[in-house]
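The same chain A turns up in both complexes below, where it pairs with chain B and then with chain C.
Coming up: the complex of A and B.
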């Protein structure tokens, strides 16, 4: 049975049975079935041109050696082999993992706690605006602000005045510590949007099961861990997925704050990809990193989305 | 319904056409023809606006300066446009090996005959052409020539009765005195590329020929002479002669505040010191060249000269060639010097005594002028060296010297075996 017939035979929400569509009318409809696709044509053209083509092209040049100017040389899997033997790539993988873990803990846990507190507060909307405000800044601007704040004449100088001489140093130049500082800076920005999502999720939870649970004596932490948080699971999954993907593709904050330095110790995969492709002009190698990053991000997204859809079924 | 369908198809076709087409003919609001000039030196805009007016009066072609504040974005924009009709007529680039890559691609014009007929007669030093030569042909014309040297804060020098060092030992003694007065002797810039600055200067101070052999791949980075230089650098780092690396603006602030007494920079730094911090040349700051470690050797002044290249495929190519013929006119070069305080043409007054002095020194027989490391050796070696040298600066030790030189040597062997 065609989808059209299936739908047409379903009773509508007023309980009225629709008339079956005759064979000739169906054929007529089939003639104009292209119309919805044509509506999509401009968007699809744009996607093909700027998205799908880019993916295919990136995949292709990941098997080549190309500086963007001279002729392309096919090198097979050489870029991928070089990538896994490159200590800078391995450091970038480690930093990406730190960003992902940081992106899961800070921008998910803190907004969740804040959302619970705000939904109970009388000044909820004021707090919502305050916490959402950093989200209005572009990550680049936020990065510049943090860089100035953490420069030798910023917070470290204040620390020196307070007698904490060991802290009067350029924090962003301390290998690996700078990654933690940047994770915190990035998270500060990410809290706002996740907070709003959690508030919407909490407000959409039906009141009946909560009231029933309260009548049964559930309260405090038990009420949240046994009822509210499980009911909030779809929102939590979306927030988790968004935070994960954002952490994987983090670039702007790092580029502005350390440029991946000192000596490439704060690079993530996204920064390595950019640096290899556009600074070192190794477009083939940069594309190999891009493909690796995309596969990892896709695999994790699939894992989460699969779980979400299963839940809905 | 037909209208909707037609609308959809037209929109899609428009998207395709917009994406695949480019602007071929450009003219200014005044109706004159214009030539796009891409540059990574965004501060030059005012100077080029004045030059454009002067050139326009003479030949009726305007220069449209497009400045990029991000070097990578600039490189990408230029490289992606090369070979296309809508590429910029003119753009700045880097000399030496960096130039070789784009010259060999056949995307930029051979300017050899232009040098003979126009640039040299206009007063451009023919020696500068060496930096733009690839396989015997000259592919660029100098936009600027910047000389590197050590800036010093005159107030600090006067306060502690310090004098400009004449020997390398005097320089080390000077650093020691400053250190004992609780002043960090040398400020450092933390930019990813900036680690080679002291490396090149110390190698050349040790022996200029060693530098030449090294950048040409004729001597190993693991040679004992190079190791000895690295050990000198290590002792300077261990003794606390270098401040911790900071961004460009913070370092300029450290220097102007007197938190650091010296810093190694190019002639362009004077504009920064004067405009952002109100310092005055030869009153608040001056400059000297690092003395050689051997008194019989001449001190080396490193220079960078960024070439202007012309895109072969650009529809603006002919006008770009015409503009470059006019660019070395005395009025045009004076306009640039007045705005930026730097210049390289004889007879042009720089308006900055410190820059004037170093330019004269560079042209004298008392000093050797050498092209800086960034352009003098293949880009792949520079990329590996700058990362490794930073690793050494942050962790100066014998094993770090060994690892750093081993990494650079491996890259050098790869680059020179091709």
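Coming up: the complex of A and C.
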């Protein structure tokens, strides 16, 4: 069962929902039964404690100045105004945009091409396992491996041996180049899930329309652009949404590969939030960045899911 | 038509093989270089094969920098306990939301599901402050309870959807026989949900094992620090690189084992974690 199917189940569920099984038998027995709510108790308690409390607290703190030690000072929108005048924040926004654009191209296009090739190859399942293998590593570990591979005794040394002396430097120290390298490292680790989703999507496409189109003389590229890719649209939308949201959330890879450096040039919003709150002790400012990040990711998710539901109806 | 497809097969396989080599290359790099000694790596050539077998020395070097074993055991406990309890709580909640006679089903679902709707950055500051205030900062209990909470939303999403697909006649028949709600859950629902529960367990364990952000934020001592937070303190390059690679390899063993178990069931295209 892929995510696509799960989401498409949604409308059906609502139908079922309206019909609870144990109808209240008669007016006399109508008083509220408390025992069923006990089943919700552990999950709801933890959710209130960690999620709802956190969301309210972060929202409140974002309007204050607080270092966690001295008294909380209410400052209105000052953190938000400061944010848009802070060069570090603006650089983080720019890097986040690079991550998002890179995340739209690399982790979506590469798995799509690979999925098409894999469904055509006789050794498909072997290739699928190979491309999924880095997914068995954590982003932290993938980051560490890539850092080592790209440090001076790694690939740059090979470039030096090939006579490309200008490439024999620490690539992760070059602003913006390091962000692109990290996007690619993230893709190396993370395309597995997208690949599987695309393969499942391709295998679920009905064969009849394709056979019919082939009889009509459609082949190669036309077959894909006119028929297969449009049929694959629901999967593509899910993969796009996941890649977008993941790009906004990326933290681990950046933290271990550059730590946001050199001179805070490779930070994204997620990293900036962490640094302001836990390195600089600017809890109010960090919260404001978290709120900004939330608004953007929620808006994107809503935009995509709204479209997905429309497509299902 | 068929001929043209077959004549393209070698091109496709060559293309895939080249990329597959690129994808596997970092793995080969890790395996070969974690065998070298630190000196051998720094002085040698990139393409040299290891001439020594320095795993023991590299491990001893690691022990002077971080407590990898304690991180490994901590994460194992956090992953197993949190995945188990998160699923237990989600089974109860999903059962109530999907089957029992309660009001506001969607409200309760969204309340618990809110955990994955917002970015994790929203939870960092409040949880850290809350933990410092109550004194559970840097305790195993604190980390486990947070991991349970953060694993619940996805479990609930999957289990709720699964419970909706179960035929309601089963419950009605059991009710006729006088079965209590809890008995129906234990004897009918849970056994039928074995497959999704097993998959969820592996995915949630993996999620906890891989977590860096919360482990880093909610712990400071070696006794409680989970493995990824511990690894991130190694500082990547700069010191003994073969030792760093060895640590990366050791820290990947559980997830690699899970990958091998799961790669067999991939064919079915089972639930795919989105976290």
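Heads up, the rule we're going with is that the second predicted complex is superposed on the first by the 272 of 313 C-alpha atoms of A that agree within 3 Å, B and C clash if a C-alpha of one lies under 4 Å from a C-alpha of the other, contacts with A are read in each partner's own complex, and residues count from 1 in each chain.
Throughout what follows, contacts are C-beta pairs under 8 Å (C-beta built on N, C-alpha and C of every residue); 3 or more make two chains touch, one makes a residue touch a chain.
This is a predicted model, so every value here is computed, not measured.
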Of the two partners chain B and chain C, indicate the one touching more residues belonging to chain A.
C
Chain B versus chain C as contact partner of A:35, first or second or both or neither
both
Considering only touches as defined above, state whether A:264 meets chain B (first), chain C (second), both or neither.
first
What is the contact status of A:133 with respect to chain B (first) and chain C (second): first, second, both, or neither?
second
Contacts of A:121 with chain B and chain C, given as first, second, both or neither:
second
Kindly classify A:74 by the partners it touches after superposition: chain B alone (first), chain C alone (second), both, or neither?
neither
I'd like to know which partner A:303 touches here: chain B for first, chain C for second, both or neither.
neither
For A:175, using the defined touch cut-off, is the partner it touches chain B, chain C, both, or neither? Pick first, second, both or neither.
first
Contact-wise, after the overlay, does A:280 reach chain B, chain C, both or neither (first, second, both, neither)?
first
For A:252, using the defined touch cut-off, is the partner it touches chain B, chain C, both, or neither? Pick first, second, both or neither.
second
After overlaying the two complexes on chain A, where does the chain B footprint on chain A coincide with the chain C footprint?
35, 39, 42, 46, 49-50, 68, 147, 151-153, 274, 278
Parts of chain A lying in touch with chain B, wherever the complex brings them together
32, 35, 38-39, 41-42, 45-46, 49-50, 67-70, 88, 147, 151-153, 169-170, 173, 175, 259-264, 274, 278-281
The chain B residues in contact with chain A across the complex are 1, 4-5, 8-9, 11-12, 15-16, 19, 72, 75-76, 79-80, 82, 101-102, 104-105, 107, 190-192, 244-247, 250, 253-254, 379-380, 383, 387-388, 390-391, 394
Going by the contact rule set out above, which residues of chain A touch chain C in the complex?
1-3, 6, 9, 12-13, 16-17, 20-24, 33, 35-37, 39-40, 42-44, 46-55, 57-58, 61, 68, 114, 117-118, 120-123, 125, 127-141, 143-149, 151-155, 157-158, 161, 188, 193, 196-197, 200, 203, 214, 219, 242, 248-249, 251-252, 255-257, 269-270, 273-274, 277-278, 283, 286-287, 289-291, 293-294, 297-298, 301
Mind listing the chain C positions that touch chain A in their complex?
1, 4-5, 8-9, 12-13, 15-16, 19-20, 23-24, 26-27, 29-30, 33, 41-42, 45-47, 89-90, 92-93, 95-97, 99-102, 105-106, 108, 111-112, 114-115, 117-130, 145-146, 148-150, 152, 156-158, 160-161, 164-165, 168, 171-172, 175, 181, 209-210, 212-213, 217, 228, 231-232, 234, 236-238, 241, 244-245, 248, 251-252, 255-256, 258-259, 263, 266-267, 269-274
